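What follows is a structure written as structure tokens; I'll ask about it next.
By letter and in written order, the chains are A, B, C and D; residue numbering begins at 1 in each of them.
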Amino acid sequence: MTQYAHIQQRAYDANMQLPKLGLVLFTFGNVSAADRTLGVFAIKPSGVPYEDLSPEKMVIVDFDGKTVAGSLRPSSDTLTHAVLYKHWENIGGIVHTHSTYATAWAQAQRDIPIYGTTHADHNTVDIPCAPPMSNEMIQGDYEYQTGFQIMDYLEKKGMNYEEVEMVLVGNHAPFTWGKTAEKAVYNSAVVEEIARMAYLTEQIRPQVPRLQDSLIRKHFERKHGPHSYYGQ
Amino acid sequence: MTQYAHIQQRAYDANMQLPKLGLVLFTFGNVSAADRTLGVFAIKPSGVPYEDLSPEKMVIVDFDGKTVAGSLRPSSDTLTHAVLYKHWENIGGIVHTHSTYATAWAQAQRDIPIYGTTHADHNTVDIPCAPPMSNEMIQGDYEYQTGFQIMDYLEKKGMNYEEVEMVLVGNHAPFTWGKTAEKAVYNSAVVEEIARMAYLTEQIRPQVPRLQDSLIRKHFERKHGPHSYYGQ
Amino acid sequence: MTQYAHIQQRAYDANMQLPKLGLVLFTFGNVSAADRTLGVFAIKPSGVPYEDLSPEKMVIVDFDGKTVAGSLRPSSDTLTHAVLYKHWENIGGIVHTHSTYATAWAQAQRDIPIYGTTHADHNTVDIPCAPPMSNEMIQGDYEYQTGFQIMDYLEKKGMNYEEVEMVLVGNHAPFTWGKTAEKAVYNSAVVEEIARMAYLTEQIRPQVPRLQDSLIRKHFERKHGPHSYYGQ
Amino acid sequence: MTQYAHIQQRAYDANMQLPKLGLVLFTFGNVSAADRTLGVFAIKPSGVPYEDLSPEKMVIVDFDGKTVAGSLRPSSDTLTHAVLYKHWENIGGIVHTHSTYATAWAQAQRDIPIYGTTHADHNTVDIPCAPPMSNEMIQGDYEYQTGFQIMDYLEKKGMNYEEVEMVLVGNHAPFTWGKTAEKAVYNSAVVEEIARMAYLTEQIRPQVPRLQDSLIRKHFERKHGPHSYYGQ
């Protein structure tokens, strides 16, 4: 098991952030951390309370969803993680939560409109909400198809997974990802806060306009791209 | 008192979870834990602050609502617990809270519509809200009648208490149950979160449709039934 | 100062409950505790952060609002407390906060409708919201007049201060009272929670009916009056 | 670096208050503290998590925005701070956050109407929301122009920065200031709470009137001006 200890530790640390950030009730969430060289990821075991987790309990799974090491059953969402790792070569971590506000938008089956710079600091577009899956996809290999539903919707919208690192799945909840599991956790807190602010914004002013293009671009470029000047 | 120590401990532990989960203000809630062999349950004493509770203070009551052991007066909702234990043979724990969002739905006298998979992971139906009781039932043996109001409404809706483990009582608040007191507490946190998400969903999109049948079935079967694959 | 130590301690303890219950931001609240025999009350000094308070810092004031002991200036709301103590002979504690939801109802200048049993456990009537004061009252001895505004509105509504222990002052915020400072603090947490639930209830169902009379009476009598059976 | 230690300490202490007051997620906020004699201010380094901050990490910047001391890059909002210090001679601290409710009002591009005494205790006017900046301002020296946008809007509204110590920038978020960094932090918590209460007030009563003039003046004068009687 020694060769997987680094991603088990990373997955464990990232999973433990979810309750601290207020993003999960009970076990309603999971994080995975991948090692591209080994071609596997470590993921939370299914239904185990956060307080009972330890690094060694993280299950090792390959990018086809086959368990490679670990005695526990992996998260029931494991196949969704596997599909995304397999097709998106530059991600190293994935998070799924049922965080309250982001899930409410997913249940409303609406993209989250870009209303301010908090949103633009992270995305230049509305946060996409993939439509609920078809009956065929659901009755088939559901979690596997969830991964394709996410990828197909981003492609349809012309979005790149390296630029847009968060999505809602209609009627379900958010998925986020990033170069590392830590970044994916960060994104899951960001989508929750953006979802909350957008909800409040529409309550305060129902027909509020979206953010103007120049401000979208400015804020995103402050944090990202060749001329970014945010951070150290 | 020794023969009741196990359910007193169980009831105590479960009661202490309510403030930790943010489900109660002051003493606005109570949990009981039953022993089917002994034909009794242990329940929180009435109006005692959570910080003053101890296992020995849990009152022992039989399924007709008669106090069998304990020097304190049992919860004012004891008769509701007794009726449910008497008629539903396979439950081992009951919880009553006035948690904020679930209570708001009860006050609105509305079933909580099934809008997403967080809901479907636990129920295949809208969470039922029993109508407010008639004047006759209220003026009679109120808490006793509350139990019948709950049972009658589930029966009218064609619901089985082993499948649907949570209900709202119109104008009042939620009741939940389960095979154990722990599971009943879990359900009381679940109904609060589902209530909160459903409220937000309707705010974000007023005429939002309910979840499609295939997704309801899929998510419920992931967690329950012969082919479940959630948990260990 | 020794003869006031008991009410200083009581006022101090009660004041320290406000931040713990999430009812105050910074110094936006105050509690007083009276000794009817001595004809005085102890009240929080004005603008002193809760973490800097100590029992000895509580200022002793008589029922005409004159400072009797203490080197600090008493709360700017002291005259309101004094007027209520002077006219309502059976109260021993008063609380004023700007708690979020109760204050929002006060700003909306609306009584809080009785929508459920959580409300009925404490009041048989809508929680009264006294109208904003006249320009004359405001430009005169404002805090003194606030006390009369509260008393006048209760009288106009035919309410008894021993039955209704909480009020909103329009455009301002809640005041609560009780036989002891502890009970008054309890009431200030109750009015905040009732305000929050009523707000959510109206959001979930805009034209929701008020609670039926039989249920109002039942729940109030469970907790209060000669046949009460709540608590020990 | 010794000569800047006092403002570094002050800026550090003030920055650490933001997460405690629930005003920031991750690094979404910054505080600066100025020394008028030295003509510089200490400000949070950009993108450094609060738990990794220390007084020595605060960057020293002059009122033209030039870094004078410190090895880290200052907050990306540094130029906005510099402009305000340069033009407003009597302020000693500035805070910028993306606190949830204040940011939602900024995204709605609305002034926060004065609905109650909590608001009037701090401002006699609606809390101003400067309109989103023009494309030219955004594409130019954005953070520098943000400072001018704030100043121009206050001037247009006939407001004095020594009386109105908080503003929303449309589509962006709140800025607050004060004689000290501590006071500016206090103001950032106040604007968040006022924003939350105003939102709830409008939900509870959509066409609610603003506060009457006599009450506005009374509450403000209780806390401010020659006849104030709040505090010690």
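Throughout what follows, a contact is a pair of C-beta atoms (placed from the backbone, for glycine too) under 8 Å apart; a residue touches a chain by one contact, two chains touch by 3 or more.
Source: prediction; values computed, not measured.
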item: Superposing rotation of chain A relative to chain D, computed on C-alpha atoms, to nearest 5°; value: 90
item: Same-site or different-site touching of chain A by its copy chain B, using the half cut; value: different
item: Most distant chain from chain D by Cα centroid; value: B
item: Separation of chain B from chain C, taking each centre as the mean of its C-alpha atoms, in whole Å; value: 33
item: Chain B-chain D separation of Cα centroids, rounded to whole Å; value: 46
item: Junction residues of chain B - those touching two or more other chains; value: 203
item: Each pair of chains that touches, named by its two labels; value: A-B, A-D, B-C, C-D
item: Chain C contact footprint on chain D (complex, rising order); value: 115-118, 186, 189-190, 193, 196-198, 200-201, 203-205, 208, 211-212, 214-215, 218, 222, 229-232
item: Contacting residues of chain B [partner chain C, same complex]; value: 25-26, 28, 45-48, 72-73, 76, 98, 100-101, 103-110, 132-133, 135, 138-139, 142, 171-173, 199, 202-203
